[in-house]
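Two complexes follow with chain A in common, the first pairing it with chain B and the second with chain C.
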Partner chain A sequence: MSTATLMKPQKPWQASTQQRLISASVFLVAAAISYGVVAATPMKGKLAYVFVFFASLSVLDFFFHLVTRGISAAKDAVARTVVAFGICVAVLPIVSILATVFMRGYKGLHFGLFTHDMKLNSVSDPIAQGGLLHALIGSTILVLVALVISLPLGILTAVYMTEIRGRFMRPIKFLVQAMSGVPSIVAGLFILAAVVYPLTKSYSGFVGSLALSILMIPTIARTSEEVLLLIPNDLREAGVALGGTQWRTVAMVVVPAARSGLVTAMILGIARIAGETAPVLLLSGGGDQVNANPFSGPMGSLPFYIWKSYSVGTEESITRAWAAILVLLVIVLVLFISARLLSERRTNK
Partner chain B sequence: MSQDLLSAVAPPAKREITTKPRFSDKVFRGVVTSGALSSLFILSLIFLFLAFQGFSVLRTEGFSFITTSSWQVVLDDAGNIDPTATVFGLGAMLVGTMLCAFIAIIVAVPISVLSALYLNFYAPAFLKKIMVAVVDLMAAFPSILFGLWGFFILMPSAEYWAKLLHHYLGFIPVFQLDPLVFTRSPFVAGLVLAIMVIPIVTSVSREVFSQTPLDRIQAAYALGATRWSMIRAVVLPYGRSGIVGGAMLGLGRAMGETVAVYTVLNVVYQVNWHVLLGAGGNVASMILLKFGEAGPQEIKALMAAGLILFLMTLVVNSIADFIVARSGGKGR
Partner chain C sequence: MTTSENQKDPEKNMQTPSVVSSLGSVAKTQSAPKSPGSQALGVGLEARGVHAWFGDRLVLEDMSLDFWSGTVTALIGPSGCGKSTFIRTLNRMHEFIPGAAMAGSVLLNGQDVYAPGTDVTKIRLKIGMVFQKPNPFPSMTISENVLAGLKLAQIKVENKDDLLQECLERAGLWNEVKDRLGAYGGSLSGGQQQRLCIARSLAVRPEVLLMDEPCSALDPGSTLKIEETISHLSSTMTIIIVTHNMQQAARVSDYTAFFLSDGGPGKMVEVGPTGEIFSRPKDKRTENYVTGRFG
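Coming up: the complex of A and B.
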């Protein structure tokens, strides 16, 4: 047994226990300094702690590494702290938004929210009365009609860019990008100028859906394009080699292979427009009762309900707005997470 | 006998081999191409209809629609619009649009670049996955949510920061203000826009950074570079144009934002360069504000304003796409 000659496997790239202890203590000292500074100076608020913490952490790190390892290591340490500060600042708002919506919206939730509309109530009534059934139904119809319009167009655009790759490919790619940058209010104004004033002359859910589909087409087209590009070329070649025409190959081989990805594209498109407010304010009006006909009469929607409750500004109405935002946010979250799960399952296969 | 058999199973007639597409393929290609041209169709329709509706206003106002800064509808005694006194000039709102969008970009770009660097080069694998999902999720939040959050949660803190800026940097002209009104200022609106833009700029920069050629990264490490000097020597020069493109994309988004700005900003029709003063606006929020009680003539002016906004965002987005497309794909 000559174990003495065997070297223990070493991992020199990993931090040793001593190094870990040192960095942990630097961390703790920085935390203590931030606590002390905020207590001693007139600075206030939770953000002050974060800011002072990162500032003192980078100063401590800099001098520690300057003494032990030299100037370039010290710069590296400061850069690490600053970069971590950047991601913290980027993520802080989202944490705050989620926390705020859940804390404030929670108070306005009750079961009647999903079974009543606002036909008999105003937004300033006690929260237990009325609900957002009309808004939920309206939003669903708006989204479905927009989906019926934009899903075929979006997928056709993606199929053109990945399967046909014709003469117009570059301009179309450019135009889809440009279209995804169209401000939502411009989409609303366009439908107003093109459809409402010359033709229908009244608010309806359908014209709202038209504006929403302008915003939805580029999202669906770009996501489906990415998905179709991931389908291996072997499948297309196999389809053609078996004697299939291009139409049969795309319809029977490529699109079924990309099915879950196309569903993801659809879900992301829905998430994009579910909370779109400006076109809905301009176009679909906002009734207070359930209106299931997209072609006549104003149609309520979640964003409009939030907007209206927020604008009134009484305590009850603002609680209503937060509750409706919570519902909207949960819908968006569910859509987003299901899109993620679907695309993850695809990439793992 | 065998002769008969052979003739009985004679090979089928020679098929014509051709590269000419079949009829079904022609139909397929036609349908797909026309569907794909829908984006061209819609974009040109947007331009045509807004130009058509806004034409009379644009013709009477001419170039001063962009340069002058007064928006007045004057009615004569009979209640009709007085054409000589009525002026539509978008200048103040154009200034406001650029001001808010630039504040957003100045705040968002450093944070986004740092986040993208963290996600690509510092984050452990499990954290990276979560963080990327979180940042993408933020891009999917509806804008009214940002508006309400900005109004109720961010505004008190932002007011405090604005007071700090005014107190310590008040000698710089843009931070001066005369009536000490800090609420609902372009500064706060710019911060909300910055938060809305961060996910976009982050994901574009992350994409570009991840395309940095691996051999150059490894070469830098092999020469003894620390992580930071590797980033400075390899990643940032490589990704510079991508960052600029991402920033332009964010600028386009920030210029067209309506509801969030309307909620946070005190929309007043005046030229306001002082970022901390609680007055200002952008084109989109002004359209929403004026639309409610607008008469036919003013609606035409709003359509013209929409056209200007559309063209502005189109130009900015095109430049951004051009830069981003050029930056990707090279190397490796």
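Coming up: the complex of A and C.
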């Protein structure tokens, strides 16, 4: 037998058990300190624990590594703690939101939510009565119509900015960036003044979608622009060198190559508008019954339902609002994951 | 040989360039290599006093060169001497670079590709190009890649399967991919991808094939395969290959042109049959370069 067969696979670059134990004890000491400090001083709440914990952890880590391994290891340890703190600051609110929505929302969930509307019920009725159907259908139609308007416009804007690079590229880039900061209520008021008062004079889902498109186009255009810029120039040159016109090269080579990124742009656009309340409130009203026609009559939507239920303020209505938030969140999440999976499956094959 | 004698497609009403006459004298001073008798199919592509600029910087000065049909011409020279820029002027890819400018004329079958009113997409159909880095279209399968040029240029063909097989065979790739034509182009190895790109160029039936360092990213085995492909193709079309590999130039080409830049714009030092350039170059600088004494 050669010696090679006696060798066991090892990972000498990883921390040993002893080092791990030491790190864990430093961790525990820091936790104990934070507990003690919060108990001994007038500081209160969970955030105080987090702050004191990270502060004491970085100090302990620094001195421990300074003594055992020198100054650069000590700096490294502090940097690691700071990064971990940053991650917590970024992730905690999201986890907290998800947990709260789930904890409060699941009590209001029942099958009738997806089969009934609120035509015969008020939001203060017992939770088992009435449902979200009108809001679900309304939100879906609002988002789909907005998507049909915004997706081609957004992608074509991005194509203009990355492929055609015409004379108006800079002003358009500037406008798109400025537009992505437009408050949603302003978009709603604009459509109200530009379309509803002079033309339609009534609530409808379509005008709501118009306002949502104003919010959606810049998001799609900016994301698509970044995605199209990532496509290597080689591909454009190859397309043109084969005798394709610029337009056909963009349509057949560049855009398909960017497909998964463009799907992401679409998802971000939908995520941007799915929860918008203000323009919907102004323009689509908020019916309590199913209305599948975007061109006439008030149209319900999930954000509107949430706002209305929550503002009533009874125990039942607030539970309804949380249930609707949970449904909205799950829909956006499912959409996000399925679009991701779809685009990845196509590119990985 | 004048341009009018050489017009193979008079029915294609491209305008005869007026600029040729003014630069004709330049062209005459550059003696074109004599074509071997067996391959005397005429001049397929002629560069006449081609200059190229990027912004204000002249990068290529007064390049006049004839490319004979059915031959392989290698362009050699150190980096930055304008070889790639030169071949990109031949199929009008030069103009894609912002700030690019050019002067002179490029004649394809006697007609100036830069003449006003020329349909540039038709020019690029006739003058195909293979790039330094293999660049198959990532969203397309192998067969879609090969036939992409037809779709891009909106050309109808009777039997796509035959064309697909023919192009892949000519590119020396058929046996390796015939069982997985539906796989994505990106799933091939680098050398196979480059041969796929060659097959893709062949599908639109170009008269001239420009190759910009096609083997620089490939291993010796793939390089050998591509060189075999080049020798197969050269009997039916004009091939112009830029290469940094002097053995490759010696192996595949009939003619070799040596480009050099002395810090300023790139110029052609010498052109001739490959054997002469490598064994008895007329210019001292060519001799230094091909023997590896500099560059």
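Everything that follows uses one rule, which is that the second predicted complex is superposed on the first by the 268 of 349 C-alpha atoms of A that agree within 3 Å, B and C clash if a C-alpha of one lies under 4 Å from a C-alpha of the other, contacts with A are read in each partner's own complex, and residues count from 1 in each chain.
Just so we're on the same page, contacts are C-beta pairs under 8 Å (C-beta built on N, C-alpha and C of every residue); 3 or more make two chains touch, one makes a residue touch a chain.
All of these numbers come straight from a predicted model, not from anything done at the bench.
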> Once the shared chain is lined up, is A:A257 touching chain B (first), chain C (second), both, or neither of them?
Replying inline: second
> Per the overlay, which chain contacts more chain A residues, chain B or chain C?
Replying inline: B
> Does chain B (first) or chain C (second) touch A:V182, or do both, or does neither?
Replying inline: first
>> With both complexes superposed on chain A, which partner does A:L144 reach: first (chain B), second (chain C), both or neither?
In response: neither
> Regarding the shared-chain residue A:T245, is it in contact with chain B (first), chain C (second), both, or neither?
Replying inline: both
>> Under the stated touch criterion, which partner chain does A:D234 make contact with: chain B (first), chain C (second), both, or neither?
In response: second
> chain A residues touched by both chain B and chain C?
Replying inline: 245, 248
>> For a test of understanding, state which residues of chain A touch chain B in their complex under the given definition.
In response: 45, 47, 72-73, 75-76, 78-80, 82-87, 89-91, 93-94, 96-97, 100-101, 152-153, 156-157, 159-161, 163-164, 166, 168, 171-172, 174-187, 189-190, 192-194, 197, 214, 217-218, 221, 245-248, 250, 268, 271-272, 274-278, 281-282, 303, 306-307, 310, 321-322, 325, 328-329, 332-333, 335-336, 340
> Which residues of chain C touch chain A in their complex?
Replying inline: 91, 93, 96, 121-122, 124-125, 128-129, 131, 133, 135, 137-140, 148-149, 151-154, 183-184, 197, 200-201, 204
> So in the complex, which bits of chain B are touching chain A?
Replying inline: 21-22, 24-25, 27-29, 31-33, 35-40, 42-43, 45-46, 49-50, 52-53, 110-115, 117-119, 122-123, 131, 133-138, 140-146, 148-149, 152-154, 157, 160, 195, 198, 202, 226-229, 231, 249, 252-253, 255-259, 263, 284, 287-288, 291, 302-303, 306, 309-310, 313-314, 316-318, 321
> Where on chain A is chain C touching in the complex?
Replying inline: 232, 234-245, 248-249, 252-253, 256-257, 259, 347, 349
